[in-house]
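First chain A sits with chain B, and in the next complex the same chain sits with chain C.
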Partner chain A sequence: MKNVLKLLLGVVTSFAGFIEVGSLSTSAQAGSAFGFQLLWAIALAAMGVAVLAEMAGRLAALSRHTVAAAIREHFGVHFYSVPFVAEALLDVLVLASEIGGIAIAVRLLTGTALLWWVLPAALLVWVLLWRGTFGMIENGVSLLGLVSLCFVVAVFRLHPHWSDVAHGLLPTLPTHHHARYGFIAVSILGATISPYLLNFYASGAVEEKWSEKDLVTNRLVSGLGMGFGSTISMAVLVTSALVLRPRGIAVESYEQAALMLTPALGRWGLVLFAASLGVGCFGAALEIALNFAYTVAQAAGWNWSEDLVPRQDARFSLVYTVVVGVAALVILSGIDPLRLTLLSMALTVIVLPIVVFPFLVLLNDEAYVGPHTNTRVGNAVIVLIVGAGFLMALVVVPLQILGGQ
Partner chain B sequence: MTGGPRRGPAAVAIALALSGCAPDPRRTIGDATEGALSWASSAHLAVEGWTDRRLSTRFTRAALERCQRGLEEERASLASAPDLADARVATAAREIAEMSALTAARGEAVEKEDPDAVARSAAALSASAARLREGPGA
Partner chain C sequence: MDLVRQVLDEQVLDRREEYMGKVDGIVLEMRDDGPPRVAFLEIGAPALARRFSPLLGDWIAALARHLGVSDGEPLRVPPARVLEWDVDIKLDLDARDTSAMAWEHWVEDRIVRRIPGSGASSGKSTKGGK
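Entry: the complex of A and B
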């Protein structure tokens, strides 16, 4: 019974924690600009992240190593410095986007300027990291994320033609704006397959002392949690396609995106949109800041655990304190949070091979995972998704920056 | 959607490679028109929600301010275009400037909670949007 509850909690937290600033904004943009046509990108990304999360959990359960610690041990500190720096820079950008997302959620409800809420949002993130435990962060905040199920409710109330929705699961090219289509597809991949998720998931497994007997739980949590989670992203896309696209609204701001729930959910629409954005970003900000501290501490061989009090792992606590402050400064510089989010998500895809391919090597090494090495299919799925996303990003990111169509 | 969807990685690569970067007046106007109509439509949807009491005055005012800023950005993108001398570009820029002014007026009417003034500016904005849709970029 205890194991079933643990499994359910794991699935629900993965599922409820799926929505954050990246997935919400990329799905909203995709639906408003291309209707259901980019649903395939969410499905593909969900498959990729489910497979990668399963691998990260398996590595942690069998080797008691996190992803960062295992890469450093296997490849050496010099090699590890490359994925470390890449992931650290991305973490700062994505954390800034998430803190911006919390501030935007408050702005939507209060009408006050975004910049007023950046420091309080960052402070709230820091306080919970300082005072909270891993379980509180993973379960408590993620459970609040169940509010994002409102998008699924909205879809049913809007009565889409399900055959049109299903057609979006097949990759097709648009008749216009090819570069934008590619850029949003890449951003969806980046929003879903974030490098921080791998190390965070593995660090969580180490914190919770997973072992070989948890492999089935790991498989179910990663597969069901990420799979169900992607349905919320798809619901955002479908709602946006049904409400905004017919009116010719292409989402360029959160004020526009926030209008998508109103026709289906009435006066609760705006409140639920803001709550989904705020809670999702808050949860993601906690995970990213924590992951940054995990990565640095594991690379340097320091004490690390969110379950220790700060004086027992002072350097670990200092790292998340500093990174939350730096990310807040990035948003306070006045950069547009939506543009920062989309750019961060696209850059994630460019950085992904640097982080993922060494990780794949470990999952094929019996010294780390014993007889539970990757299957050829598992390797091929990841190489194809990450490789194709990388090549596509190399083309569309410069095109989008240069203003291509 | 118009036309049948095309499939295949080669088509993707060719389409992406051919997605040119050199601006021409028609495309400059087309981009700005599309952007401006999207902002105008967002303003309509926000005001529709306010009229039906589904959106607060505070949010609607903020949304209209954002829409006006978006319209100003579209107008500025035309103003900075090298082909401003082209009469079609100048006409589109004037129309978008009018839409921006009407959106600002609409925001003020919402703030004063004056439904008649909101309806008047809505009609004027719709007319301006229709002129832009059928105008120089069409």
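Entry: the complex of A and C
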């Protein structure tokens, strides 16, 4: 019984943290611009992230090594410096987007200016990291994150034609705006398959002292968790397609996106949208800041654990303190949070191969995972999704930037 | 043993199995009467930085001296002090007695300790690491 509870908690943990500023804004844009047509991108990305999370958990459970530590040790520091710097820069941009997301959620509820809420949001993130434990952060944020199920409720209240929805799961080309379609597909991929998730998931497994006997749990948690998580992203897309698209509302700001729950949920719609956004971004901000500190500490070989008081791992604690501050400054510089989010999601896809491919090498090395090396199917799925996403991003990101929107 | 694949950049533990850094450098001793042998393993930011750029390494060493963190040189450990050459390299030392923890202690004393809530906590543990 205890194991079932542990498993359930694990699943809730991984899917409730799924909805954050990236997945919410990319799904909302996809639905408002192309109806159900981009649902396949969410399904594909969810499959990719589920497979990658399973691998990260397996690496950690069997080798007691996290992704960052193992890559430096295996490939050497010269090689590792490239994915390290890329991921660190990306983490700062995405963390800034998430802190912006929290501030936007408060603005939606209060109508006050965004910039007022950036520092309080960053401070709250930092206080929880400084005082909280890994379990407290994971479980607390996940349970609060259940509020994002309101999107699933909204879909059922809007009575979509299910055959049309199902049709969206098959990739098709649009009749118009090909570059925009490709850009949103790439952004969905980047919002779902975040590099930080790999090392965060592995670090969590080490924090919770997983071993070989946890491999089954790992498979279930990664598969079910990411599967349920993508259901919520899909619900956002479907709601947006049913509510915003017929009214000709293109999501160019969060205020526009926030209206999507109102037809289904009435005056609670805006509150629930803001709550989902705020809680999701808060959870993601905690995870990204922690992951940044994990990555630096593990690459340098320092002692690290979110379960220690800051004095016991001073350098680790200083790193997340500094990165939360830097990310807050990025948002305070006045950059538009929605544009920053979409840009970081697309950049993620360009950075993914240099983070993911060395990771795949480790998962095929018996020195790390013993007899539990990757299957050919597992390798092929990841190479195809990450490779295809990268090539597509190379084409559509410049087009999008040149096009100005 | 393959020094680059199996020693360089590997995790270093002290005898209490506390993390004390990575093998950031290896110093070889050239001998007339035989092949070169390992004189020291180096642990510390200056050794790591010198592999990218000697200038950067010197700058980090100078910073450490300027701030009073340490003498600026990486910790040098002779191979005789190695207890286990495994995936992790375990040393017959206590990290707290070495300069490997100089930056950790400096950050703790000068920055972290001065921020409220850095010590006792309701949920967090006060001892033991990974």
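Criterion: the second predicted complex is superposed on the first by the 403 of 405 C-alpha atoms of A that agree within 3 Å, B and C clash if a C-alpha of one lies under 4 Å from a C-alpha of the other, contacts with A are read in each partner's own complex, and residues count from 1 in each chain.
Rule of thumb we're sticking to: a contact is a pair of C-beta atoms (placed from the backbone, for glycine too) under 8 Å apart; a residue touches a chain by one contact, two chains touch by 3 or more.
In this text, all values refer to a predicted model and were calculated from it rather than measured experimentally.
Participant: Under the stated touch criterion, which partner chain does A:Arg311 make contact with: chain B (first), chain C (second), both, or neither?
Facilitator: Only chain C is touched by A:Arg311; chain B is not.
Participant: Quick one: classify A:Thr175 as touching chain B (first), chain C (second), both or neither.
Facilitator: A:Thr175 sits against chain B, while chain C stays out of touch.
Participant: Considering only the touch criterion stated at the top, classify A:His78 as touching first (chain B), second (chain C), both, or neither.
Facilitator: Touch partner of A:His78: chain C, not chain B.
Participant: Should A:Ser211 be classified as contacting the first partner (chain B), the second (chain C), both, or neither?
Facilitator: Neither: A:Ser211 stays clear of chain B and chain C.
Participant: Let me test your reading of the model: by the given contact rule, A:Thr133 touches which partner, first (chain B), second (chain C), both or neither?
Facilitator: second
Participant: For A:Leu259 in the superposed arrangement: first (chain B), second (chain C), both or neither?
Facilitator: Only chain B; A:Leu259 stays clear of chain C.
Participant: After lining up the shared chain so the two structures overlap, which partner does A:Gly248 touch, if you call chain B first and chain C second: first, second, both or neither?
Facilitator: In the superposition, A:Gly248 contacts chain B only.
Participant: Give me the intersection of chain A's contacts with chain B and its contacts with chain C, in residue numbers.
Facilitator: No residue of chain A touches both chain B and chain C.
Participant: Write out the stretch or stretches of chain A touching chain C in their complex.
Facilitator: Residue positions touching the partner: 63, 65, 69, 72-73, 76-78, 81, 127, 130-133, 136, 206, 300-305, 307-315, 317-318, 321, 367.
Participant: Within their complex, state which residues of chain B touch chain A.
Facilitator: It is residues 1-3, 5-7, 11-13, 15-17, 19-21, 23, 27, 34-35, 37-39, 41-42, 44-46, 49, 53-56, 58-59, 61-63, 66-67, 70 of chain B that touch chain A.
Participant: Residue numbers of chain C touching chain A in their complex, please.
Facilitator: Interface residues on the chain C side: 4, 8-12, 18-22, 24, 43, 45, 48, 51-52, 87, 103-105, 107-108, 111-113, 115, 117-130.
Participant: Applying the document's contact rule, which stretches of chain A touch chain B when the two form their complex?
Facilitator: Residue positions touching the partner: 35, 37, 107-111, 171-175, 178-179, 182, 244, 247-250, 252-253, 255-256, 258-259, 262, 266-267, 269-270, 392, 395-396, 399, 402-405.
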